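Lettered A, B, C, D and E in written order, each chain numbered from 1.
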């Protein structure tokens, strides 16, 4: 029997992932060993610190790229690639974790679901997401995706008193398993036709066999797109999104919309743009179609929604369309645009769901548009924050949302996809309708508001949620007004592929 | 040539006046936002003072503007998004100068004039933000910066209509926002296509309007498509027939100050865009497709007037009159003669003053009678002779009576257009007749006749209202009698623009409209 | 400093009056405001007289002086100054505008006594005087146009002066709008001239008239026809005359000043001013002008025969007399036109003021059928009115005879048919004026003399009457065709009309003959009226007042049917069917479409997880199918 | 002669399709879930076949990981089913449709 | 090895394949057509066994063992356990689908997916990749050893990730299966 020569492993390469996993383990161990309830918010604080450690580790990685011998490279026997692209998503996911933890704290206490499980699952799920982003092997992507998803199934069904929550978990689970099967089948076909699941290996094979039109490979690619398309909620693989976003506990929805979508896109971008770059003429039309369908379907259905979470879900579908526009451009600007978009979107959408968390009140039930009536009067700051976030999602200038759209659309134009660029802009017009509708609702008086003496029911904004809002709104405005540093970040992330 | 013009203007260094003009109102908005809600008087005062300070800056700009220089002055340029070659580049020339001045004038009046009943804080803050946006649009010399301002103004205006408007405000504000956004979609895409094609041809990625305009690299058909894209966006904003239907709704439902700004300043964003970008960036395409726009403008002039005549709502009537008036501006823009374009620019200012004033007046009537239905108003001249007199002057300005400002612009436009596009000018001139029909008819129904009880008891203009109208009336007369200082500053820039069009297209201006040698 | 350089004072004085009244009119009140206004216009008159004297002292060829004040519109090649032109024509116009204007201001002080808007009235009057003076003194078309529209606006203000009266309001609007149709012609004519010459100046090195000869005939014809359209509006010619009869809703001094003596003659003035252009135009254009003038004269005269309103008769008479003037212009008899303009100003202003005096005396009564026998109540009014009557009827040797004679002579040389129409009009004029005099001043009183005590007017009103009566009597002296030397006006105006003027030379025999026929026609008219109307009850002559004439040939109704029917329908159709329905409908349709597709698409989201999975599978099939197509079957 | 790899692969495709169709037509969540297992097995079979054809151990390793994932998924999936259907009669997927539109 | 042996082996392999395929497909159809979930589960076991046999036929012995132990042994038992726990071992009415279009569409799409994959595969060979990219599978040596070697070297990271996955599964199972605590009345917000 041959002795096994373990590969040389440098764990600092996956420091951000390890930080999250370690945090989760620590939390789990503590909670199972110590009976005493920890002080209020301790879990959340710990999770935020973990995310902070992850961020710090990411920053360290990022800065090290400039050093000799630490340029972007593959690690763990070529299983992952340590590059700017990965680090970018580490950052995005870590931010999502921190924000989700802050949101979760008060929510869990309000809904009397407190305990460490939420945080553990969020941390582990996020680790899966990061893994997807860094993966250099289809099997790692698959494992990362499953890690992310399985934790999310649990989180979706976390609010066991709400039947919607269970239904969401159920639907998410069935459909996700279904799509994973397709993804896996796609991986198998790619494996068969190229002889490897390793992305670098695939790229090498493609470079050597560029002229061959390979049906199995292309079939595999199409099925990969099914799996990723499902994760990022692109039409026609979006059907789970509204139901799951609506049914899940709101902080979970926020995390899902932020981290899960980003991770899905990380894998999609890496596999399609980087690995299958030579086949871009084959996949661009598919992405084109998916982008158009997502843009239009997402916007059109969103305008007839009356539930805020559901509406945001549909809007997230149309946002996925924009990111796909960036991918469809298949140039560096497009990818950088997609990255910037995801960064901006993470803040916008988590901020938005933060407000839904507050307005949803106890039982996570009040998500109809009517619940937002008169918000501007009762909670002007909240209404202002939501307005900024919604306008950003609509793509109004001086917010990050505008630059994100501008970025991907400019990439599309650069690659001469004029029609797509125009469709994307027109979809933004449709989309603007429902964002404005929400804004309008907040600024219109609620029933009984005319009566000056009537005291509206208090709408407390917990500290954590406030923090989320401040950072979301702050980032949205900051990146909208002084975007250079963030754009630089996104651009460097693509250069350091 | 442009470089020389810039060098000659030379006032780039020193105090960043233009940035200050844009930022001061924005700072004001923030300042207002920080004052507690209950301090309504303080809020109003602070808001007014900020807009007044902005007006002072605008006046400073006008005073220091180098007369006779054609190029951009007071240039400022700072990198904004380096990766895209986007810079915070501001500059002013004879075309934008007066629009900035107009904004500087109308906003303090709009803030001082009508008093809103509720939530003064948000209202004032939005107004100031709107001012920053509007001034930004006129000063931006970077396409993206322009676009940012062009879009951002929608937000405050949307809130002003939706928050302080009349019964049908939701529909109107939504329509306004979405319609304009629809146009912007074409603008943004065309803009990007232009920029990237320019990059392909020259290797430089830049949104700098001057650079884009001075190196014409586009193929004819491409330029036409791009021009069309720009034109759609601006046509919506102008609004040009048949993209105008958002305007009556928005104007009618907006609060008085909103209507004033909407008509006075915001519609000019479209005409200014056509002039600054349509002609400057796509000279040949503008020449080729000019007749299309001329035709739409002409239809708009006649159609707007005809439709205005039978409106039942006084505010709606004024709104449709804007469609007609803006038609003149577009007509002049695409006539490509010194007189027509200079007239257009002047007409932008004139329309801002007179239609702004008209909306103030309609607002005053509404405040007194709580209706805008023409059928319910009658004989107001009897209880309110001063109001009637002011209305008369403004109305005469609006219908283009010589000696008042409206005539000067309209006449120059028609005169200049006639030389190059005879029949368009002739048909458009009938708009002058129709303007008299609908305005006088409206005046007759509202102010003449024997007032019934409800109308007989209204108060005349208050001192506050008189103070608001006074500067407008003075300008209406002044610009009608002695427009020379204004024309002298517009004309060099217009001449340069036409020379630019001639340099880059097969168009040649007729001799008769050219600058006389040594004249 | 040259005395002529003070020409700007002429319009400036009324303007100053206007401004003062604007600022402090209400504080001044009655009668100070009136006196102020009168002083202002009087000052202008005096200045004009001084200027006139100076101009007369100059040799003929130097009688053209331009006073430039400041640049109005400078845009590249287009340059318009605010500049005044002093030449015989403009100074003549200025003289009679300020002269008659002063008289009527004075008259108004009495007439408007007690009106609650007394200062406002004088404010408008001064503004009108200013505009009118700008119109006649301007050195270029555009400045003239400023005055042109300015007088239109003032006319609007003054017609609807008593704005609470619905009819006054409507009449004011109608006047303005109708004038605007003419102004449209004026404007387009200016565009054409600018296109041809690059300037709108009258004279000077680059002036339009100086270079008129360069114009192709068809351009010149177009310009002239368009200017004539403007003149038709202002001078109430067919088919744009309709506003003038309605304009009588204004106070009577207004009718006298604006709608008889001055403003309405602006069209004629413009045509005369453009004589050099008219000379270049196709002769057919002149014929058109002459025919329209003659037709208007005849048309209005027939209508005047059947009017009951004392002012309406005079209004139609004005239209008719303006037709005479236009006929003269069309015949190339510019001097005759100006001559008649002046004499007409004298006697028509006189008649209007007289009528005003009557109305004043009867406390607002305007129906002639309810007057009668006023001779004894209002002797001065009666006496002066008689002078005006005879003058307008063309009874020698009063002013009207001479000027009308000139016109008829011109018409004769143009075309005897035109002369025939002119002569017929002369007869009708004498007839309807006599009818008016007999109905108003003779016969028995038909008003309720129990309660109404007619009274003579105060001196401020009668003084102008007397002065005007004097002028109407001797006005013929201006241009007596007795000797060449006595044709003062013709010699005086010659520099203004330049070489373009055709000299109608008729042998004195023919001229005397024509004059005799005109005189006979006048006498005949008076005789017929005497036969039917003198001291008779008006009811006896209903046959002479057919309804069709009373309703002015139903032209107004026709226009109303045209504009009020199809025009209004078209506007309504545009506003509601096209704009609201089609255009806005399309916009809202897009919104509805989006919402509907949203609703439809949303139904796909059934809530059944198996359906979702089905959709996912369908997506798989689509992707695979596309791949298959891409790879090739 | 060994059986050509493509037979195995076709078998895998058939099995995959049966699993997919089964998931679409069955209402019982548990059975749907089993259908997923069918699909995963089809994939596993495909991987193993490819591994043999390519003579590459990597394919077999993938199957190993898929087995782990399947196990984890089953645990969580059944957990969800239990938590939902504990209080309901039957385990019919169609019963869950309060979220829609 | 002689030609005869090869031929025999070939025949045996063929026989194994056919038999296994029949078992697999029968089991698969059984899963989706059985009315009773319990029957479905048992049919699933049949398929799993068939697959395991084919693993063996392709020299993936370790995976075959795992397939039987983990899948057939653990997973299906878990299924059965849950079926019993929530008491859904009643028969499902398969005659009609309450969602009318579902069934034909499902069948149609399934058939389409299959044929599309077939068409794609027909366009060229199935396995076109570079052989033995990550180590030899077929040659001499124990399958388990080769697999283990690969897992602990090349696939070390994925292997470590499975640990995370299992932790999630445990935590998830606990979270989901635990009865929700009763609502407290007083809420600190």
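The rule is short, and it goes like this: contacts are C-beta pairs under 8 Å (C-beta built on N, C-alpha and C of every residue); 3 or more make two chains touch, one makes a residue touch a chain.
Since this is a predicted model, take the numbers as computed values, not measurements.
J.: By label order, what chains touch subunit A and subunit D together?
T.: Correct list: C, E.
J.: Which chain lies the greatest distance away from subunit C when centres are computed from Cα atoms alone?
T.: Between subunit C and every other chain, the largest centroid distance is to E.
J.: Which of the chain pairs holds the record for C-beta pairs in contact?
T.: By contact count, the leading interface is D-E.
J.: Of all chains present, which has the mean Cα position farthest from that of subunit B?
T.: Checked the centroid distances; the maximum from subunit B is E.
J.: What is the distance, in whole Å, between the centres of subunit B and subunit C, each centre taken as the mean of its C-alpha atoms?
T.: From the centre of subunit B to the centre of subunit C is 37 Å.
J.: Just how far, in Å, is the C-alpha centre of subunit D from the one of subunit B?
T.: Centre separation, subunit B to subunit D: 65 Å.
J.: With chain centres taken as the means of their Cα atoms, state the distance from subunit C to subunit E in Å.
T.: Here subunit C and subunit E have centroids separated by 101 Å.
J.: Starting from the mean Cα coordinates of subunit B and subunit E, work out the distance between those two points in Å.
T.: About 69 Å, centre to centre.
J.: Considering subunit A alone, which of its residues make contact with at least two other chains?
T.: Residues 139, 143, 146, 150, 153-154, 157, 160, 170-171, 174, 178, 191-192, 195-196, 213-215, 218-219, 242-243, 305, 433 of subunit A touch two or more partner chains.
J.: Which residues does subunit B have that touch at least 2 chains other than itself?
T.: 178 - these are the residues of subunit B that touch more than one other chain.
J.: Residues touching two or more other chains, restricted to subunit E: which are they?
T.: In subunit E, residues 99, 102, 105-106, 109-110, 113, 116-117, 119-121, 123, 125-127, 129-134, 154-155, 158, 162, 165, 168-169, 172, 175-176 touch at least two other chains, as defined above.
J.: When you check every pair of chains, which ones turn out to touch?
T.: In this structure, the chains touch in these pairs: A-B, A-C, A-D, A-E, B-C, C-D, C-E, D-E.
J.: Per the contact definition, I'd like the list of subunit D residues that touch subunit C in the complex.
T.: These residues of subunit D touch subunit C: 20, 23-25, 27, 32, 93-94, 96-101.
J.: Give the list of subunit B residues in touch with subunit A in this complex.
T.: 79-84, 144, 147-149, 151-152, 154-155, 158-159, 162-163, 170, 173-174, 177-178, 181-182, 184-186, 188-189, 192-193, 195-196
J.: Within their complex, state which residues of subunit C touch subunit E.
T.: Interface residues on the subunit C side: 606, 608, 610-611, 614, 617-618, 620-621, 624-625, 627-628, 631-633.
J.: Which residues, counting only subunit A, touch subunit B once they are in their complex?
T.: Subunit A reaches subunit B through residues 391, 396-398, 402-403, 406, 409-410, 413-414, 418, 421-422, 425-426, 428-429, 432-433, 436-437, 440, 443-444, 483-484, 487-488, 491.
J.: Under the stated contact criterion, what part of subunit D meets subunit E in this complex?
T.: That would be residues 1-3, 5-11, 13-22, 24-28, 30-31, 33-35, 37-38, 41, 44-45, 48-61, 63-65, 67-72, 74-76, 78-83, 85-86, 89-92, 94 of subunit D.
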